[in-house]
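Chain naming follows the written order as A, B, C, D and E, and within any one chain the residues start at number 1.
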């Protein structure tokens, strides 16, 4: 599924991030925008794992949780600057993904899904139950990143929402750039090849265990950074970020938008982030509408929103 | 050792609930390779519909029967309106549809019924039965009997009937199934009806023990899913054994290790089993020849 | 018995059949030959209803098939042994055969199965094994046998000789001839054009989605163009 | 117009708490508007459902502030969502009344943040006082692992020593678990345990209550204020809940209050309003929302202005305001406003609430 | 020392000895055909040699080293390459990408370079793309290069597999029924291709039921039946072997084959 070239996708994303604020009626939209970007970042990781390599994970919120709590705990216990905590979280996620991925990536399909689900639940459980350390289900405060003060000193007074809109927008574009680079690279091709046929991939020399692991680790880092961003932005985090609902949400975003392409997945993230906000007008019918829209999109756009729309634009479908 | 016995009885009670949910997964999975994330919603609906009919004055058996039929119809409608139109979609898309359906059903339920928890009386009273110094409620025996019954019926269905084979054939190779004359749409409708009915039955049997409410479905679906994978997806034997084992692991770890981490312990056991048997305990090892 | 008029079909936006006309009379063996990608498989898929038809008409025993869904066509007597075998790999050999006779629940099923086993003894040996473990040629035999289990009055065979040992190729062609003797009509797509034309009554040559030539099989086999382009003689 | 915003957990794991809160808010605001509003101004209410997700709660709080431009925010059904809202209201300088239990919400005092429910610690204290009175010194605890149960568990463990009570067993369960007999068996196994304490609400708490009876455990069972609603008795059944004690508010026992009790008319009015409109029994959690509206209305009236800052200052000087939970008197040092005496120890007898003297 | 030698290879599925104590060897530039009835164990033999199955007994020696049961990707590094009887195509990729994937060992570098799209990574990818195009031309699929692989007809897919296998620049090439689904003329084209590849020094192991092709291009023929080697030798002698005729060729085919050779 190739939708335009790498460069048009990137250009589109950059334009989106830069131009959208001109249409924002209030600062609340900066908050929504930043959520879209943060989710978009996590979902881009899912694209690499699921869209490219064809491996399903229902436990990626576990890595979101690790990234988020790193920002709360590392400053508190290790005295680390929050920015370094982001890196520590990412490194920790990578290491854990490496250790967990080695055994569970031997599993296929739903078996992998259930194993990763177990991993995610495990992380959420530790965050919930180790009260002494994590303060438990009520959540823990996260220190300020300090960038706002820095920017202010430089003469630019940004609100919290505006600042995080910019930061998460930058991170998403960076993430998308890396993922797009990967697609057409030897590694990306190896991942897509093992998705198509493991036996054939092996016989052309792809060490499938290694490549699956690489995809898992990369996507874990994406998830972790997105967790860090959300924690730093909210200045508060609860174990909810690591919950299985969040894992399922991430996969849903990817598939809804079109798991095969970065732009599609980000589109999915945007839709599922914006929908609940838009649907508040339906009050108690919100859930009904949300479920209905998800079904309709998947029924009529079976490869996901974006690929289907693209097909529609290019010409009649099948 | 009455403690151990109590842990096991508790595990079997909970495990039978998981087994019933897992059994509900098997048919739709066997027909389409789709794990139906709305299965928990069928369970929930079974309980809720019965509760409201019962509260409205219907005798319990009649209420239960109506609930099963109603939920089976829901399954058929879900298939007709949401799965069938998307039949050429990749399996992941179908799964997302079932997630959408589960959100939808939950939304409808909270509006049509309410957001409270509910319960109706146990079928045979609440007098505990004492087994080797441990106790079990008569309703648990109902759940266990239900699980065993559904298992037997499914097992016969898939091994002894041509229709059962047609269901397996449909997921295995839809094109070939059509070529030999199987109406795959009908098979799908049947599968959704049966899965939904089994779900409803599960909901009815367990409500006196666990209560029901509009949002109990998700957690049940996940546990049932895990149980089904432990046993080996698609195999009724796997669903039954997987469910019971999962329940017993949880109860034993709650009893002996840590009640805080009992779910974690259960998952670690699942991981260990899958590590040694990547297709679950009774899963088919596919020979995809090259 | 089977007529195809102006048949067009497409994959997505690309049309691959550009108006195919073809007739199969009752009791005939008709063969379609053509290069890779000519559209032979697509044609058969249209006939059995698993491929959407964008224009044209298919009539089978005097009845239009356009509104008949794929699964009902075998009930009308139209069975197919498809390209790529399309076996139920998770089911046993016997279950595959039994499903071939899905529409029937009479005693004849058992005797049909015995006939199938007699035709391909290896299938009897493997009857209780999962079909996914069969060798390529064994799968091909199973696909043909399964199609026969449906008691077709018209059999569509897509490259039945593919992957079969020479001794079996000869046998397959014998089987087709026998079917004819039993009154079964056969539409045969083959790459082994020489073999196919040798047993067929008439033949069609397909080139990029069109019928390029048609005629009695004996004439085609003697045609120098065909000898050069398809028979390699 | 005065605009009040709320983000509550109408659905999700804490839906049983947030749903009556949302209904209460709507009913009370309607009532106030029907009576002419406050200081002649009508009140409009915006309620969002955060599903118990702190991240969503924060987004909705931002939306209330930036988009809806509300004058005050009520909400945060759970401690997690409340904590997530705090940074937003502090940045925007909008008064915020939380409906969640954790003491961290108001301790240390935050300029813009108040709350109406008792703290978990107060519930623990009330229970331990009662145990002490009955001569209970050794107990087993079985807590839910959700935010409510785990937070209360921590508070109880923190103060239990002050009452000379020893916790011999400390078990847990998931909020939607179907059977807690293994944990209860372990508690029973400790011979000298004299009572069981169960911090939790909803499904889990009801299952624990029934399991205690199933196992034939005869020692007293203490539940938390989380189950203080008729719904609990209905779920657990009158037999299983017989003798269960818990700290509750005046709301559940309005009929039993003496006529001179200032809470009696307040509680009766709320009960009539809520039960009349919804058909569901009142419960403690809806009561928290009731009190929040009352406090807010009172403050706006006294301030004579709907300026957020004026409202905040007025809330801080709330004095003797009678709510369903207790009589509230705020101060710059105390953003909760009442003490332990607001709690009543209740016992269930034959399916009905009674007050323990 | 032969380039590839198979020594007493055997495997069983359940009770069935699918391949039983089979030995032979193959030299640089040689074409060895394995023939035999359906289910004789030819594909299974390939699967063992290429590391897809783990043999129960025997050894596979490549260039003098024991490579028995080495993982396929390691065998690929040592110069082994194959096609499949049951097509194994990367369906979601284009035809050209399928072949580029064959260049994996040559084009893959470091993950970091790929993520950052460093010039080194881009250069390698570009090179692979060009070479892939050349290979597609060789199998007659150049025109379909940018199509999705899923849209090719069966015969075209078979040739795509050959192109992908050639991309590895193998020392030993295993072809499992490369001409299945191709007509006589197309088969001859494949013939020429295989002969050409062999001439460049590649050892080719071929399974094929098209006896004309086998007779035309093989240097040596090995015959399996029920997992056991029943005959071996030059094509003409094997074609005349009564055991082979009875088990495999049948009279007619035997005559045809001789008429031809």
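Quick note on the criterion: a residue touches a chain if its C-beta (ideal position, glycine included) is under 8 Å from a C-beta of that chain, and two chains touch if they have at least 3 such contacts.
Just so we're clear, the structure is a prediction, and the values are computed from it rather than from any experiment.
Counting hops between chains that touch, how far apart are chain C and chain D?
Step count on the best path from chain C to chain D: 2.
Name the chain whose C-alpha centroid is most distant from the C-alpha centroid of chain B.
Computed centres place E farthest from chain B.
Please identify the chain with the largest separation between its CA centroid and the CA centroid of chain C.
Farthest from chain C by mean C-alpha position: D.
Approximately how many whole Å separate the CA-defined centres of chain A and chain C?
Measuring from centre to centre gives 49 Å for this pair.
I'd like to verify one number: the distance from the centre of chain C to the centre of chain E, where each centre is the average of its C-alpha atoms, in whole angstrom.
Centre separation, chain C to chain E: 28 Å.
What whole-number Å value describes the gap between the mean CA coordinates of chain A and chain D?
Once rounded, the distance between the two centres reads 35 Å.
Note the residues in chain E that touch 2 or more other chains, in rising order.
43, 52, 84-86, 88
Hey, what residues on chain D touch two or more of the other chains?
10-11, 145, 172, in rising order.
By the touch rule stated above, which residues of chain A touch at least two different other chains?
If we look for residues of chain A contacting two or more partner chains, we find 129, 199, 284, 286-287.
Show me the residue ranges of chain A that touch chain B in the complex, using the header's touch definition.
These residues of chain A touch chain B: 50, 56, 103-104, 106-108, 110-111, 114-115, 117-118, 121-122, 125, 129, 199, 244-245, 248, 252, 255-256, 259, 284-295, 298-300, 302-304.
Which of the residues in chain E come into contact with chain C in the complex?
Within the complex, chain E contacts chain C at residues 13-14, 36-40, 42-44, 85-87, 151-156, 159, 177, 180-188, 209, 211, 247-250, 252-253.
For chain B, which residues count as touching chain A in their complex?
The touching residues are 35, 82, 85-86, 88-90, 92-97, 99-108, 110-111, 218, 222, 225-226, 229, 233, 260-261, 263-264, 267-268, 270-271, 274-275, 278-280, 283, 290.
Can you tell me which positions in chain B touch chain E when the two form their complex?
Interface residues on chain B, with respect to chain E: 288-290.
Please name which positions on chain E make contact with chain B in the complex.
Chain E residues touching chain B: 43, 47, 52, 84-86, 88.
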